[in-house]
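The two complexes that follow have subunit A in common; it is paired with subunit B in the first and with subunit C in the second.
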Partner chain A sequence: MQTNRIQSSGFGNAIDRSRPLTFTFDGRKLTGYSGDTVASALLANNIHLVGRSIKFHRPRGILSCGVEEPSAIVRCTAPGLNPVPNLKATEVLLSEGLIVESQNSWPTRNFDVFGLLSFGPRFLQAGFYYKTFLWPHFGWHRFYEKVIRNFAGLGRIRTEIPGTGGYPTNMDQRNKFCQVLVIGSGPAGMNAALVCARKGARVVLVEQEPTFGGSLLWRKQAIGNITADRWISDALDELSQYPHVTQLPRTQAFGHYDHGMVLAYQSGEWPDSGIFWKIHAERILLASGAIERPLVFPNNDRPGIMLAGAVRKYLNRYAVRPGRRAFIAVADDNERKATISDCVAANIEIAACLEHGQQIVDTNGRRRVRSVSVKTAENKIIKHNCDLVCVSGGWTPTVHLAAHLQGNLQFDNEVQTFIAPEHRGPLLSVGASRGIFNLESILSNSEYQAHKAMTQIGLSGECGSNQTAKVENPIDRPDLPAGSNYRAFVDFQNDVTAADLVQTVSEGYRDIELVKRYTATGMGTDQGKTSWTNAIDQVAAATGEPPEQLAHTTFRPPYSPIPFAGIAAARTGEQMKPIRRTPTHRVFEQMGCVFQKSGDWLYSRYFPQIDESLEQAVAREVQAVRTGVGFVDMSTLGKFEVRGQDAENFLSRVYCNNVSGLPIGKIRYGLMLREDGIVFDDGVVARLGDEHYIVTATTANSHAVWLWLTKLAQIQWPALDVTLTNVSENWASIAIAGPRSREILGRLGLDIDSSQLDFPFAAVREGRLQGDASCRIFSVSYSGELCFEVNIPAGYTSGFVERLLEIGADFGITPYGLEALDVLRIEKGHLTVGREIDGRTTPGDLGLAKMVSNNKDFIGRALLRRPGLQSDDRLQLVGLTAADGVSEIPIGGVLAESSLTQSSRQEVNGYLTAAVFSPTVGKSIALALLRNGHRRDGEELWAVSPVAGASTKVKVGTTCFYDASGDRFNA
Partner chain B sequence: MPDSLVREVLVDSVKWEQDGRELFVSEQQTPVFEVQFGTMEELDQFCHSVIQRVVGTGEAAVADNMLILRYSPLSTYIVCRQHKLENFETEHQDHLTDITHGKCVLAVQGDSVLKFFADYCSTDLLSAHDRNFGMIKTRFIDYELTIWWDSNDRTNLMIDRSYALSFVDFLHSLFTRR
Partner chain C sequence: MLIPCPWCGPRDEREFDFGGSDAKFPSIGTPRDSTTDTWYEAVHIRENARGDTRELWYHLSGCERWICLTRDSVTHEFTNASTSDQGEHPGESDAD
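This part shows the complex of A and B:
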């Protein structure tokens, strides 16, 4: 039964009494109404103890009524949904069947064994972890860390609903573009949105609560001669008529980024649903309002001690009476009167008010406040029985988004706190975020700022006079009684007391950033929204410095926690990132290929036969290429057409070796350097016509090479007559490799002569397949065997592969994948990007120094001559074989003078780039970058892998283990 | 190999339904060419020679048998109804490249499909639509697309062939989340 629900219809403009809802809290079935938050529904059911604090496990209730809530942290779920921990009860909207659980208590929140720690504030002070557990020295890893980790942390993540893979399926991520983004829909935001909308601007209005109106909804103020409710209703009606205005309720703008981009999260009906918005705005009007500031006094954290504004909001918005007898401790006179008025209207008895010059010296009550002890100006202690304490130390402007992007805030002497700057970049601050709290002034200021924004984006604005921060009554916050600050909490979520802050300063941590990190003040899910101004005041008092000189800690996004699932949205599981499939994918899939992700590509790894292991399949595929014929998909290589009168000149500048004078129909290996002389990429240059070339790039560097070439053509050398076209996707490339590959080529139905005489190694031919589809054939070899890379239009690939299998059946043609290709290229000593071409090696390091032309200019030439890149002492590419001819060379090892067992500290001479067992050579072989390697032929070293715990004696030799003369691919 | 080469269908036509909404996706096997020039003036002249007027950057222009999509100052795509561009294929052969097999052209139809796409593009698609630009080359979350539209309920897009299947899967995932 909702014992605390006010029945009068004059209260509760947020709830729909015609739609009752049921939910459970720690297994107890309760009821609420549509429109309730979990917090309002719990209070309606007279539940104040919601959970336990993180450090001392003190009983904690509901302090606030919004995003600033530090204490009422719960876990929510529903049948069929995975639980979401660490949600603020003040933010979660009630829904039918919602399951709410308290956190951080065992076995129950009412009887928590760890509650014994609540006697510890005097002992568990700031820096406790840093000063304790120091000895014995092994204790930390063996005992302390495990124990502390069991205690620490807030909430548990579990993905217990089967079939979801743990991924929420109701999260989305969208873009929104507008001229003006208005953050907050209180009087300032709503008025600003109206001004902008009337000018025809594309406006997005975001409001973190389900209903637009902000503080107007519960303050019961009048605007002119109409009520707040009517004013909001009229404003929303008008905004709805503008097609260029978008209203986003339940949307929290949590981060402000460059170029006017604001990230916002719109929560859905259930905790695991929502929309992550990227809002791109020309101007941002920050009308985020202000957050009420608690008072710091001994035992100020008991359930039932609430912010005065929150009490008024629960009364007026949710028709919930949080107590029957209230003690009022509100610093601002007007706010105090309004709080008393609202409480009296809701039949809450006023026990007493904290008067000027009085101090709260203690509170009592085990699971809920029962009394407040007040010290009068005459040093007399008076105890007031009550079940509700309304506290307020004034209002702190919500400035966070104005302070993102490393922005500093202004300290305003009038309101005695930090306020948002009038404008910074595209952001203009409005209303309470500027420290303006008077309603008339807020409306005037918002109109001024909105017109200013309109003028800035080219829509006519009519700027009137501006308003500055102003308070009507000076805030007189009660002092903290001396010597009683061990249980006077400043940061409720992290259990940081006033004593902790004093002690921190006394230990030398005077900078506010250090104080934050030493004590954890301002961290956690509330990000210090109710604590940061009080903390600054406490530290200022302890250091003797004025608050404006202490400044504030750095505000970073997110303003308030948002679900990681919202950031990921649809990018989960197989769709985490795009997958590229080669033209052979479908037909290879039918052939039983095992695929492997390599970058974005889904690449054919190997083609196992029945009961065949990876190693067996690879050995078979390698053997087929070396002795018969095989084919592999090379479609992922970059392929770029280069045309124009200056095509040759362009390529000559790009490659470090000589490509000039290449006859039409011929191919040359090309090496491309970066400007710093380091090898960037390798590939081939093929000449198709007088002014027509095609160049290839490695799979890994394909996109980077394309960007590099286009940049050179468009920016570096715009005067050259050259056009570039990326045709990588257009052509499927099937490499037919092996001694019998020429015979296969002859049977493919090509209109070219495939004889050795007419089609030798390093040549390119263009022709037609079956007289229909155009094709290009390159006689190049990565495997070291006679090889023809047949390029065909990608859409014809499946049919071509089927034909190839049909023709090749008589020759035992064997498809092979990336694994076999890697073995073949290592046997031949060919390079690959990421292993040997690793962003640090020069042509000389790779044994390609002779390729570098001395007769022309090219990119990287000047810096390649640096002494550091010409030194003999560099890591240079060598081949390795096991010294005993039998042992396996460990993958990923380093090269050392001794084995693992001989010395625990190895002097590293280099490292392995590749190591495989070669079925062709019959032993383990490797490539390595070895210091001064080119002069160490025949030396014996140790290939050592501390990770695998293995070391093998290896002999240094040539990088080519197979057919060093190159006879085979010239066959 | 079959007697005559048949271009493989990369994306099967699909129709998705969710909460009363529908989305149709179908592949359009249409020839695509890329045209590039070293200067804007040369590309302007090319466009003029084809459709007797200049096509601005970001503009989609329809001629008898082709659609011109000028996606950058120096480059344009030509989407054709027939494979041969008899009039100017040889004349401009140094600047014209057949990329038909490198691209997948999809037609996407459904209520307010343009708005659906606008939610996921990193440039302001609706603003471009309002300004009658006709086409845009942009990122759709992690996918690079060229998009042009006939109406609010039908858009066409071109994507690199290798990404096409993954993109359609992703599109489906987004559709079910709305």
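This part shows the complex of A and C:
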């Protein structure tokens, strides 16, 4: 039974009485109408007590009728969905079957155990947690936190329905481009949109509520001789005729960013859909209106104490009468008259009004306000019985978006709050959001600002005279009664009282940003929309500084909470971070390959046979390469073509070793330094023609090397004639490795001679595969065996691999993956980016000092000479073997002089970069960066892993464990 | 931010990679320039100006070119966009 619903059809332009809805609140079945918010439906059912406050667990009701709501925070869900906590009852639109629950109450909303906190003397004053739980120092983690978490915090995330199924997922993200974005559709926004649309501008009009019209919808002021409702519908009709105007209802512009970008969130059907808009506008007209501020007086937080404007909105928009007998405490004279008139029209009895010179000294009523005690100018206390208190301390312009881009607001003495100064950016404030509250002035101001915007973007506008901030009657806000006002709330959501602010200032926190952080004023889901101006006033009074001297806290996006799902939209999983697959992927999949993620790539890890473990497969693959032949996918390497007259000169500057004078058809290993002398990347440089090279980069650095090379060519040395082309994805690369690889090469049907003389190590040949696909073959070796890297056009990969398997069957050709590749390279002491080339090592550290050319200049040469990079005391790359030849060297260990001990701390002299069991050498081997390692050959020390709880005695040696002379790849 | 690419027009910042300050390296191969001190200055000593800064952006999802821009570090206003190797706006030469 909706006892508070007004039956007269003259009220309730937001609701559709022909469409009743049912919903539940804390298990109780209730009804409302389509168009209701949860708050209006609860009030219609005479429910004021909605939840408990965060700190004191005081009963709290519905203060406002919109986005500013600090108190009526609920958890909502629909059948089959996980509940969404911390929603404002004043924002959630009612839908059939909606399940609404109160928060922060235990065991029930009506009887809350912790509500006792609000009795007795001051208990949880400002800074309570900081001061109380300091001792003993371990106490917070051991016990305080566990207890406090039970009754602190706002809302609970609950996941009754596992996975993402129970969460809103139907989110979209869209871009919108326009000349003028109008934010807000009250009189200012609507009028501005009309002016711009008539001029032919592409306009986007956003409105946070489902219906356009803003305050006109409930203030009911006539415009000229036209009623407000009529004016709105005429305006919307006209706007709808223009194809260049887009209307976005239920859309909240929540952030203003550089260069005219505004982010907005459009909520769809609750709760599982919404659109995240990126609106790029040439000009932004901010017509976001104003938010009413409550009054600060003792016990001003009881359910039934509501903002006057909210009461009028509930009456006129929702036909809901929030009380039967109202006490009116409205500071502005005109607003007071309008409030009384609306209340009387809705048959609400007026208990009394707070007159000038009077103060509210207390209120009563446990779960709903019952009476107000007023001190008259003659110091008499009068108690007024009532079940509704309409409060208003004036209106605060909604300036947030104007302040998002470092826009410092200025205190306006007339409006008595901060408003946006004239901006030099694309945003112009219009109407109430710039402190203009009179309807006629709002209309003329919006016309002026709209014309100004038109002129700025080159559409002719006729600028009339401007209208500045005007308040008809100076607002006379009642003073707080003297005494310690520890139940006079300034911030309802965070339970911050006037006394807290006084205490905070007296403790030395005078800066408004510090006050905010010490007390939590202005934090939370409402971000202090109803409290920030009152807080500034209180701090100003406490510090003795006038409010214009005080700054305001920083406004940051989002203006109001928006769902993370909207920010992410479709960009989840692979749509957020696509997985890159190499050209071999499909054929490898058929071969039973096990893949692993490596950076962006899904890379072949190993190729298990039936009933084979990882270790067994890797040992088999390694042995095949060492004794027969194997092949591995190398397609992820970066491959860059370098052409031009100065190509050789360019490469000579880029690599620290000598790469000039390379004959056509030959390859050289190349080591690239950063400009500070640290090793950046390694690869090969192959000369294909007179002015034509191809260089490779490691998989991990592929993109970084490309950026580096292009930057050098375009920015640092634009005079060099060099052209770079990234062909990484054009060529697939299959390395055929092993003593029998040359035999395989001979049977591939290449039109090049593969005999040793014509194809020695470190050479490159171009040709065709079976007279068809062009191919490039590089004789380079990462595995240490004779090896040919065959590059073929990526589209030919599957066929090539199948052919390779066919030809190689007689040789027992074995595909191998990343695991075996790693074992093979560790056995040879070859380097890997991210392990040995870790952004800290120099060529000298890696044992490559001799490679660094003394005969030329190159990137990194000058700074590599710095003494710190030449010192002996650096971590240097060494090889390690288990001293006893049997033990396993722990992966990820550090190097110390003694074994792992329980008690003593050890000095660490280096760390392992790789450790593996080598099937070839027959024991555990490792690479490590060891302090002064190059001079410690033959020494024994300990590889210690506190994580694994293991330590192994190791012997320092060279980094190459296998075929140190390099005979094998010259075979 | 909208970044004015001289080749592609104003484009969203998500299309770009930031490339740091537009600091010129000492010239390579000239012994007088290529000392540790001059390189140290060029690599490690940065202005970090409040106001106009010269910086590089790589238009990854566009022309794949490096461009030089002057950005106001306070307001993020871009002025004077140029291509890296021409040192002039390509549109300007086209317009003649």
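Here is the rule we go by: the second predicted complex is superposed on the first by the 943 of 971 C-alpha atoms of A that agree within 3 Å, B and C clash if a C-alpha of one lies under 4 Å from a C-alpha of the other, contacts with A are read in each partner's own complex, and residues count from 1 in each chain.
Here is the rule we go by: a residue touches a chain if its C-beta (ideal position, glycine included) is under 8 Å from a C-beta of that chain, and two chains touch if they have at least 3 such contacts.
This structure is a prediction, so every number in the text was calculated from the model and none was measured.
By the touch criterion defined above, A:407 reaches neither subunit B nor subunit C.
Which of subunit B and subunit C touches more residues of subunit A: that partner is B.
In the superposition on chain A, contact is made by A:797 with subunit B only, not with subunit C.
Once the two complexes are laid over each other on the shared chain, residue contacts for A:723 go to subunit B alone; subunit C is not touched. Applying the stated contact rule after C-alpha superposition, one finds that A:280 touches each of subunit B and subunit C. Of the two partner chains placed around the shared chain by superposition, subunit C is the only one that A:857 touches, whereas subunit B remains out of contact. Of the two partner chains, subunit C is the only one that A:258 touches; subunit B does not reach it. When the two structures are aligned on the shared chain, A:707 is found in touch with subunit C, with no touch to subunit B. In the superposed model, A:249 makes contact with neither subunit B nor subunit C. In the superposition on chain A, subunit A positions 280, 714, 718 are in contact with subunit B in one complex as well as with subunit C in the other. Contacts from subunit B toward subunit A in the complex involve residues 1-8, 10, 34, 36-38, 74, 94-95, 97-103, 118-122, 124, 126-127, 141-143, 160-163, 165-167, 169-170, 173-174, 176-178. Partner subunit B is touched in their complex by these residues of subunit A: 169-177, 280, 569-571, 574-575, 577-583, 585-586, 601, 641, 643-644, 691-692, 714, 718, 721-725, 727-732, 748-749, 769-770, 772-773, 793-800, 802-804, 806. Taken together, the subunit C residues at the contact with subunit A in this complex read 1-2, 17, 19, 22, 24-26, 28-31, 34-36, 38-40, 42-44, 56, 58, 64-66, 68, 74-76, 84-87.
The part of subunit A that touches subunit C in the complex is made up of residues 257-261, 280, 406, 425, 653, 675-676, 707, 710-711, 714-718, 856-859, 861-863, 865-866.
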